[in-house]
């Protein structure tokens, strides 16, 4: 598995916010994908779009509730088509399977089209260790492979890089003259990778969907590298999470509408490629062997928890990232592991351990915009609340990891609010402090009119006053006013 | 222009209005009375529990929620001048008590009669036009739709209907209106660097709208935005919708 | 055909499924209600297919227009040819403009109806039909494809809903002809037309069930040129796939 940095979320997000280049890059994303998505929703009409979403959710819900049944059906049909389906319980096992196939088939060169799950597994170093040259061929993945970085977005992995960054990278790693022209850089990638596609013994892809009815693997792509990786080499290995299965090929119509339109706002991607087993004996070309590796790697934990099960409905479109105001400020790397954004704030803790990633579900204002744009109507805010509840109160000490002070403050707050008397006392005390402060302003500078506090002395309020003024306690509460003047009821 | 004069509501004023913005509560009462509603105020009320619920401390949230269930069990209507608190009573209590049949029944009963202030005016009192409130204003205002109000309660058109029919008040559109203001309760102090950036963007849009007044239905959002506006030395007035509709409020 | 046993790789199916079942808390039984689409009988699929055909016949002209419109929106250069001569003419001029001296094409029967070879050889281009026989091994054909400037195919389907060409690679239809050369020309006839994605998948499932679980190894939708927006969200065409795609619609 790739390095886990979820525990550094606070520091990483602060660094990200202070990076103006990243901000510019993120601004481009927000205005690009989401605007186009809205065009698609309008074109379909909101009523039709809502209907599609509900259909998609119903399909996913049914499938996940009966996941074993559909995995069994998938196995039967992949095998009947001449392919091999391998079940991997965790990342190590998945990597072993792929490495074994590579070694026993004498694989020297492998081309990869985009696969987030392969990032999750940390597959590339394992293959390299057994002597396989691995080439990422999706332009964004190729860029970050050269840069030795991880993807920062589900759909556009290198969006945090400016064209100057890429030009410098190409110049350094490929030994070519520095050239910022985006068209030239894409052409360079095409040239470099052309031969690799044809030379490769092994093509590795992810899967957007795997169809139980027919044993078919489906990828939706734009660049052509997905087609090349699944057509040119003699072996094709598809790797994906076990939750990607759908019952019938007929179900693809709904998903092929929702996924591209939600992800990039395209009506459909340039290519949709569907593999059902290896090539048939008289096909002109195509791989001789087809393998599908289905990975658990912690997904059964989400499966086992009814509050979190719907995280498995995700089709990885990235729409939630594109709308999220938190992602828009901090980008993908701050999340510290493979899956960023709102869905990442649920999936990463479940896969790497909630204790280690406990800040991720906390770093949300629960605005709900993600749920609104999700094509599968996944209720991400509910799941974030559930993870917060586990962090605060779970009987399982592996999950419960809220700092002691938070528990104390929660209990204190509940006590304070348990009756107007105690609350009244606290408020009167607060007003006293304010009065004292006005006479001897030593720790909480206020404005002249006494309406605002400029700087509170202690956290949490001091965190507020870093950038915002805090209102002072007024002379009366609403309770006081009600009792004095309002309680008579003259309508 | 007749409204159901026999309606009687209990006000759940919310702890933030009670402690920090009591004038808003006063405006709510005045507007409701103007519209012929009898207003009660269960005096033992404090906090709905949202801050502890949102941080995962559901045990403490239950303690506070049970108080609300009890205090409002005999109410005909419960009116809440806050989208997030109304959502807590109407939506989140159902989840909080999902595993306790008795409390769940009570929570459902409460949910059935709980309304956010603007939706109560439009959907129950059938106010078509804000002039029914006897108010007239001048100048310009822009409206920020708070997240829970919009997305948990589905209240989108009611505040605008009221605001846009205030005689003399010109409404200015707000760019990026539906983007969160960055408050999010404890989020604002747990992740201040992120929250600051969100409110900075929001008030930049408010300032760009050219409006003299910023209006919303949630004092939590308004406290956040007002705090940022004031820090910047802005003159923009910040008002709860109830204050706009209250002819005795400035 | 595979060199060794793969049985020991990964978790045995029974064990894996058992752990999924345990997570779900369910028994080893099929869903209480069989998924409607999986319960479709061959007769039902055939019936739906004839309904699709009927609708196509009734709306042919409108659907052809829709295909042309959506294909253009999707990035195809669309040419409508009234007859075979016009179609050949379009193909000829596209090849000429590309400057290609090497053309590869599939061996589909549309080329019996629309004879492009002589027109292209008259231009001075070499035309290779990518169809393996005893004399031509795969490697030779692959090299031809790599060297070519234009790839020409027919269509198995053309979807009006999305403006997509759909091809089913098989004998005589290479996966690479529409992918490797920088220019791809697709020849579409009225009989290839389908309206929606639902129509396409119904027909594919019909074939799968008619042929006892066989539907060929691959299916590709092509909608426009190859693209990326990976650098600063700027759209660039012709990354790894063709830069230019032309749809010549007969009819």
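Should a chain be cited, it is by its letter among A, B and C, assigned in written order, with residues numbered from 1 in that chain.
Criterion: a contact is a pair of C-beta atoms (placed from the backbone, for glycine too) under 8 Å apart; a residue touches a chain by one contact, two chains touch by 3 or more.
Owing to the predicted nature of the structure, the values given are computational and were not obtained by experimental measurement.
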Graph class of chain-chain contacts, one of line, ring, star, complete, other: line
Taking each chain's C-alpha mean as its centre, the one farthest from subunit B: C
Most central chain, Cα average position: A
CA centroid of subunit B to CA centroid of subunit C, Å: 55
Intercentroid distance (Cα basis), subunit B paired with subunit A, Å: 32
For subunit C, residues contacting two or more additional chains: none
Residue numbers on subunit A that touch subunit C, as the complex places them: 25, 28-29, 32, 62, 65-69, 71-72, 75, 77, 80-81, 84-89, 93-94, 96-97, 100-101, 104-105, 137-140, 143, 156-159, 161-163, 166, 182-183, 185-186, 189-190, 193-194, 197-198, 213-214, 216, 222-225, 227-228, 230-232, 242, 247-253, 256-257, 264, 267-280, 282-286, 288-289, 293, 296, 300-301, 303-304
Subunit A to subunit B touching residues, read off their complex: 10, 13-14, 17, 325-326, 329-330, 362-369, 371-372, 382, 385, 387-393, 402, 406-407, 410-411, 413-414, 417-420, 423, 427, 452, 459-461, 463-464, 466-471, 473-474, 476-483, 486-487, 489-491
Residues on subunit C engaged by subunit A in the complex (per definition of touch): 1-4, 6, 9-13, 16-26, 28, 30-31, 35, 37-38, 70, 73-75, 130-132, 138, 141-142, 146, 162-164, 169-176, 179-180, 196-198, 201-202, 204-205, 208, 213-234, 236, 238-242
Parts of subunit B lying in touch with subunit A, wherever the complex brings them together: 5, 13, 15, 17-23, 25-26, 29, 33, 36-41, 43-47, 49, 51-61, 63-64, 67, 95, 147-148, 150-152, 178-180, 182-201, 223-224, 226-228, 230-231
